[in-house]
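The following pair of complexes shares a single chain, chain A, combined with chain B in the former and chain C in the latter.
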Partner chain A sequence: MPVFKGHLLSVIVFLPLFWALMGLLIPGGGREGKKVLQVWAFLGSLLTFVLSLLIYFIYLPKGPAFQFSETFDWLPSIGITYTLGLDGITLSLVLLTTFLMPLAILSSFKSIESRVREYYFLLLALETGMLGAFVALDLFLFYVFWEAMLIPMYFLIGVWGGKERIYAASKFFLYTLVGSLLMLVAIFYLSYQYKIQFGHYSTLITDLYSLKLMGGNTLMATQNILFLAFAFAFAIKVPLFPFHTWLPDAHVQAPTAGSVILAAVMLKMGGYGFIRFAFPLFPQAVSYFQNFFMTLGAIAIIYGAWIATVQPDIKKLVAYSSVSHMGYVILGLFSLNEIGVTGSIYQMLSHGISTGALFLLVGMIYDRRHTREISAFGGLAKVMPYFTIAMMIVTLSSIALPGTNGFIGEFLILLGAWKVSPFLTVIGTLGVVFGAVYMLWMFQRVMLGPIRHLENEKLKDLTFREAVVLLPLVMSIFVMGIFPSLIMDKMEFSIDRFLHQSSSDWANLHLQASHPDSMIKKGN
Partner chain B sequence: MSTLTTIRPELLRLSQDQVGVLTPYFLILSGIILAILASVLKIFSPKWPVFILVIAACGAGVSESFRLLDQSPVLLFNGMMISDTYSNFFNILFLLAALFTSIISFRYLDREKLQHPEYFILLLFSALGMMLMASSLDLIVIFIALELMSIAVYVLVGFRRADRRSNEAAMKYFILGSAASAILLYGVALIYGATGHTQLKMIFTVMQIHPESTSPVFMLGAILVLIGFLFKVSCVPFHMWMPDVYEGAPIPVTGFMATGLKAAAFATLVRVFITMGYGRGLSEILQHRVHDLLWVSAVLTMGVGSFVGLTQTNLKRLLAYSSIGHSGYLLIGVIAGSKSDLSFAPGVFYLSIYAVMNLGVFIVLGLLSSRDDSGLNIHDLAGLSRRHPWIAFSLAVFILAMAGIPPTSGFVAKYLLFYSAIQADEIILTIIAVLCSAVSVYYYLRILVYMYMMEPMGSPRLLRVPLWTGFTVAAMVVFTIHMGILPAGLVDLARKAITSL
Partner chain C sequence: MIAFIPIFPFIGFLINGLWYAFGQAPSKRHKASSDVTGGIATFFIFLSFLVSLVSFIQLFSMEGDHRILQESVFRWMTVGSFKVDFAFCLDSLSSLFTLVITGVGTLIHIYSIGYMKHDSTPGRFFAYLNLFCFAMLILVMGSSLPLLFMGWEGVGLCSYLLIGYWYTDLEKAQAGKKAFIVNRIGDFGFLLGMFLVFGQFGTLEFDALQAAVHHQGATLEPGIVTAICLLLFVGCMGKSAQIPLYVWLPDAMAGPTPVSALIHAATMVTSGVYLIARLNVLYSFSPVALQVVACVGAFTAFFAAMIAVAQKDIKKILAYSTVSQLGYMFLGCGVGAYTAGVFHVITHAFFKALLFLGAGSVIHGMHEEQDIWKMGGLRSKMPQTFLTVGVGWLAICGVPPFSGFFSKDEILWQAFHSIHGSTFLWAMGAITAVLTAFYMTRLFSLTFLGAPRFDKTGEGHGDRSVHESPFVMVFPLQILAFFSLVAGFMGVPHWSWLEHWLEPVIPLHEGFSVGEGSSMEWVLMLISVLGAGMGIAVALKAYRDLEFIQRLGKRFRLLVKLLENKWYIDEIYEAIFVQPIRKISEILWKKIDILGVDWIVLRFGKISMKTGAAVRMIQTGSIQTYALALLIGLAVATGYLFYASF
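Up next is the complex of A and B:
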């Protein structure tokens, strides 16, 4: 058992890739072959999920910072190691990934007709890339996964996407790449600084935390520049206004499963990057840029909501709603207190669930009607009652109704942000209102009213497979909304630790200045 | 002055050790001679005997060089040449390039009806020139080896005699290449005038004893030598010949040039730099001049390589610009090498990684091209993944490696290279480099777009992939991915090669 536990993370990370490679050996062809490939991929992702559930139960919330860690020398001459490890924050994101993957695969059974083998291969390879990026504790390893992830996504969008798929795929790839490359330069610099300060090479994140870098109140301070290099990469991934322009293209053109994974997991990579790398490495820079990024977050909330309101295409609407929702994440993270950060992470999870579900729902009506124009629908509630129920629950979760998962995240974020900047919080709260506007208005135009198009009269309701896809999501919306402690208990200590690392300097500076009543509840 | 006048016979006598380390060179030379003899035999077609001789010579040379990898350095011919880990490392690289080029050329020449034994003999001559160049310690020997290598390649470039583009390329390459050789030779003469030596180590010693010998004459000489090298590796502003030559040359020759020639020039450049004490005892002023010159050239080279490449539609030209861009990255390795802990090892690693993926690309292009090297427009790749999934996959792996995307070897190579640049405090240069590489990713992606995301146009023919070529490509793909995941072995080897200098 200890041997197994010692390599459990590696197993989880590489199982999908291994499974995908095995899948290449399956003799495919014809309808039967296609079915075998689909089921094979589904089983692989399901197995990965089961294994990650195992981690959920074994993980000790009050144990060491990084559990299940394993390490091997990789490129010893410059101190690069293969090191994996996981804390409570990572755990939740890993679970989100492994939970959504089987659903994404299941949802593609009908909609993907060509090049089935390659499709599932890429999806599973993508899962390996994402899981790897979440659990990597070595910056080099993280970067490898971070970039390698782009390749499967690039092909998923570019080969199975919509009309403008090539443009969207290239834009997605280049945008992300440019951001990451500057981060790469910063990684070099950090690793070299470590060598100067400690005498040996290391790219291990836990080692790099102890680096002493010059901070200060000028833009040119070392910490600030390095922070910007990291933040640029993560802000593009999040995507934070004004670096969001790749997102609507990529989301709209990607096949359904691609959009789900992109929105639900890959965007979280940006938030995760801030938490794991940018914040703890450059605490002084975080406080220097705090207001700037919170403002950007607030702008993103409002801007995303406004743009979403006027979209004629449902998928685009959902895409812009992601910009808005991820704005909350930034707002909460940069408020740098326990409530705000907890809310941000929770928001990332619940956005993953609800936006993933929305993309699935949009995909389902697209499969039936081959259009996503809002004006092409209307009155679907009459012909598709079960679909409507699912859509309604997800819509309500997206507009953060109490009792659903969305509420907890947004509420905590606004509560946390209030302590730092009431003004921005008010703007953020307006976003909740706008969110209700665009989601409910869309719901009304698509689902309610009379049936205005003849084609819509014969639409079939959810099939059994589609119901199986949606049921876990709908259930988790409520579970996460009613029992947040299931996840928060696992994260609490990790968040404390994170705050301790990333705001110790900041707290000293800031607590005396403005808010004497403790904003930061230190863990132990 | 004594060194030139006294080539005394006793210095040319070889000891047991020296004969031992010279075996790769002897093997290639005897391969050449036997191949020439075989090609004049009129009894039967010389095609097969010559081919087999060349392959055997390369193969034996590679295995001999492998055996000699761990040999301690042995000075040869009065200190004009040396055989160390470094030279054997590159011997392996050159000979493998020649070996693979021969294998793919065989079918190619059949198809183009150009099956003449001279081709293989010239290829081997060129490889011998490269080997001598990378192991020489004397500017004169470098010059002779450079000419041996280049002249053979001039002929190879113009090998498609009936094709105007090939003729043009050969002519252009010959004239510009000769001019560059002349510049190099002029530089050598000036250095000799200033120091009285052509041997690198002696020049260095003289400079240390008499710092005043770093006169303007010497400086000019050094810079002219450098320019000669920059021409060979096609760095801006000495890159003009390259796209035309790449386009005009037969595909296998282009591949050979892009790998072997470039590796040889860089390998020699690094050896000259280290032996002359660049960063470790060379005079400050000269070092600054050289550094600035290389810095500007590196930035321009990367810029031209990535931005001009964006507009290319012919694959050979596109790869020519990609090759120019990679020269720029390699220059970073040369600039950074003297000041970083990793020394020039990242550059050496990069060269070997780059050689494999580049040769791989050209082998695949050789498969895809139709007669007279046509059918190499980027549009001809449309829908390739449907017709030939494995060829498309191989090409995709090589292209991603060139773009430096993990988990391919190209990423590790770039990582190490840029890392050494940061160590050498070249932050601005590194930022320019990563941005240029991001720009170049655009045209690499276009190749993937055509292969995977476009529908095929017209009625493309199906290709037959010869067994050996398929095997070669597969090995290269495996190498490219393997080095992306487990690079430690080769990195250590590159470090060992550099420390042996």
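Up next is the complex of A and C:
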């Protein structure tokens, strides 16, 4: 058992890839073969989820900072190690990933008809990339996973996407790649700095936390430049206004499962990057850029919401709503207090659930009608009652009705941001109004009123499989809205630690730095 | 035990909701009748009423200062110093509201069994109705602002769902959406108010907040308190339909009539008054905020009453009348007479629910006719409805000893007499009282008196088919009529039981002392009674001669048109807010997002392409990426080989 626990993270991270490789060995083609492949992939992702649930129950909220950690040297000459570990914040994101993956796979059963084998292979490989990026504690390792993630997503969009898929896939790939190149340079610089200060190279994040870097109130201060190099990569991923323009194209062109994973998990990588790397490494830069980023976040909230309002395509509307929702995340993170940061992380999770569900729902009507134009629908409530119930609940979650998951995040973010900047909070709170405008207007045009198109009169309601996909999401909307402590209790101490590290108070930081060993404990 | 007050309707919602979702929605075969689904819903809200009653009696037996029941159910949000529990609190103020909500609620549930008889999805209707009661009870019983807000938004949701209940009619669906969005504008203020409260007092729990206000006492900055009160009042403007956010309420009449009675007259729309009464300690610290509340209330009361005079739709008239009466309540609160505001909430709940249900009975009997010009002479066709609505009519007109007289008069007297009041505020209220008597008499006269006009309309339903409503609908009318008649006696001036009962929550301030009788009070009372009498008399006389009215209407064509079109407020809002935002959004999307930001990015991409970035695309510079790509490539290739060989 200790051996198993000691390597549980590696098992969880590589299980999907291993499973995917095994999937390649499954013989057969045709309908039967397709079915076997689908079920195989589904079981793999389900198993991963079960294993990660195990972590949820074993994880000690008050235990060491990083638990389940494992480490061995990879390229010792330049200080690169293979180190994994997880804290409460990571835990919640890992759970989000493993929870959504089986649903994304299940949702693809009917909509993916060609190259089935490759499709599920890529989805599972993608899961390994994402999980790896979440639990990697070595910056270089993180970078490898971060880039590796792009490849399967590139193919998912490029091969199974819509009409403009090549354009969208290339744009997505280039955008993110260019963004992260600067980060790579910064990583090497950090490692080099570590050698200067401590005598050997290291990219281990817990080592780097103790680096002393020049901060200051000029743009050219070391911390500020390095922070920007990281922030550029993460802001593109979030995506933060004005680096968001890859998102609508990628989302609209991606196959449903791709959109779901992209929105629900990959965007979170940006927020996570800020939390794990950019903030604790460059605390002074954070306070230097605090207002700037909060302003961008507040702009994103309104900008995304307004543009979402006038979208003729449902998927694009949801994509822009993501820009708006992720604006809240940035606003809360940079408010740098417990309430705002907790809200931000919670918002990332609930955005994952509700936007994931929205993309699934859009995918379901796309499968039936092969269009996503809002004007092609209307009155669906009459013919698709189950679909309507699910859509209503997800819409409410998206507009942050109290009692649903969306409220907890937005409320805490705004409450926390108020302490820092009442003005930006007012702007952000306006998003609550506009969020209701575009979502309810969309809901009305798609679901309510009389049926205007003959094709819609015979639409089938949710199938059993589709209902199985949506039910866990709908349930978690309420569970997360009413019992947030299930997740928050696990994160509380990690967030405290994070805030402690990210405060620009040098004395505190030094205290932390003098005990680097306390940061990593084998197991718990 | 008090947690069961909201839990019971929630159980009812779950039963009806799940039954509808899994038993009735998909297959059109098993159609549940309104008897069974309505029976279930009524049973649970009635249980809730019983618990409320028992709790009320329990409170009654307690000493004044300890008159409070609390119950914490579970933790909701805990982040550092910020804690909000799912906790309920029942004190003298909320116990009155729970009694009204569950009591009037039960009656309206019973009534709905008859009203929704011919509806195709009664299960859905009753599920929503129970859900509404649940949310409303959370609103009044929540022990903190966020929990109150949860109920606040919850009732908004139910209102949205019920206004758009017949969703295949696009206009109704739109009315629901409008209600939700306008309320969201109010909630914007509410949220900011909460943030400010938390920033200033460090808590959002009512208990702790009250203690903090007392603790900070004189050191409190008046500016901040005023800001808090005004921001929260923006929320009240939305929920309780005050100027400038009242526009959703008249449209909300698209919902089934029992919904209008329960949500848009008796309970939900009064939650703004509840909020102010709950936070009276805070409001009393800010004379400026009180002044704003009073002026908005008085002006809304007058403005809406003017519109009501020219409306034709029986439900629209009642809707504007509700807006107007809510204005009274805020006028009361605004002059610091919170008790008078709450008093009017209670009496209004009875007589307005009665009037709406009576209107529903008329609509039901007239086969969905809502235009009062196509009614007339219904007193003989629908004698029970006629009698009960008659009571409601006299109550709202303020004829003694009907309930409306006492509560309205208390507000008017306080508007005149209180330190926050003024002759102007009183005059606004008094003129509105005359207008109210006039338009309600107009409604009553055109509906029940005179000769029937529905034969001449040529729109089908003959004289014969107009019928009295079944007992299940008339019975709630009779109960409500009884209370509309007697409810006023709980607040007889100088012997007010209500004032005494509410004292633990709403302390008596100097300037509102009941002891000293003033001859002015009697004079004003006489004036308002005479005013009401005059309004009634003029309307009765005028609407006996309909040709005269038509001639009068022609002479004041412009004014009538302005009033019929509700001062064109909707159109103005559309032109000032909705259209510009939509235009700006289009520009942002097409010009900034696509032509601006995206163009720059693509340019950047193209330039680098030309300089050989096509190669750079795969040249990330990281050996590991290459290695991984190799690995994946290898895996794919191997897989293919295996695949092909089988």
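Things to note:
Criterion: the second predicted complex is superposed on the first by the 504 of 524 C-alpha atoms of A that agree within 3 Å, B and C clash if a C-alpha of one lies under 4 Å from a C-alpha of the other, contacts with A are read in each partner's own complex, and residues count from 1 in each chain.
In the analysis below, contacts are C-beta pairs under 8 Å (C-beta built on N, C-alpha and C of every residue); 3 or more make two chains touch, one makes a residue touch a chain.
Just so we're clear, the structure is a prediction, and the values are computed from it rather than from any experiment.
Contacts of A:Met348 after superposition on the shared chain: neither chain B nor chain C is touched. By the touch criterion defined above, A:Met488 reaches chain C but does not reach chain B.
Legend: residue contacts after superposition of the two complexes on their common chain; A:Leu174 is shown touching both chain B and chain C. Touched residues of chain A, counted separately for chain B and chain C, are more numerous for C. In the superposition on chain A, contact is made by A:Ile151 with both chain B and chain C. In the superposition on chain A, A:Val94 makes contact with neither chain B nor chain C.
Of the two partner chains placed by superposition, only chain B is touched by A:Arg165; chain C is not. By the touch criterion defined above, A:Tyr189 lies against chain B but remains apart from chain C after alignment on the C-alpha atoms of chain A. Of the two partner chains placed by the overlay, neither chain B nor chain C lies in contact with A:Ile413. When the two complexes are overlaid on their common chain A, residue A:Ile78 makes contact with chain B while staying clear of chain C.
Residue overlap on chain A between the chain B contacts of one complex and the chain C contacts of the other covers 140, 143-144, 147-148, 151, 170, 173-174, 177, 181, 184. Within the complex, the chain B residues that touch chain A are 341-342, 400, 405-407, 411-412, 415-416, 418-419, 421-423, 427, 430-431, 434-435, 437-438, 441-442, 445, 448-449, 452-454, 486-488, 491-492, 495.
Listing the residues of chain A that touch chain B in their complex gives 73-78, 140, 143-145, 147-148, 150-151, 154-155, 158-159, 165-166, 169-170, 173-174, 177-178, 181-182, 184-185, 188-189, 191-192, 195.
In the complex of the two chains, the chain C residues touching chain A come out as 21, 25-26, 74-82, 86, 146, 149-150, 153-154, 157, 160, 164, 167-170, 173-174, 177, 180-181, 184-185, 187-188, 191-192, 194-196, 198-199, 581-582, 584-586, 588-589, 593-594, 597-598, 601-602, 605, 617, 620-622, 624-625, 628-629, 632, 635-636, 638-640, 642-643, 646. Residues of chain A that touch chain C in their complex: 21, 24-25, 27-29, 117-118, 121, 125, 140, 143-144, 147-148, 151, 170-171, 173-175, 177, 181, 184, 242, 244-246, 303, 306-307, 309-311, 338-339, 342-343, 379, 381-382, 385-386, 389, 396, 401-403, 407-408, 411-412, 414-415, 418-419, 422, 425-426, 429-430, 432-433, 436-437, 440-441, 444, 447-450, 461, 482-485, 488, 492.
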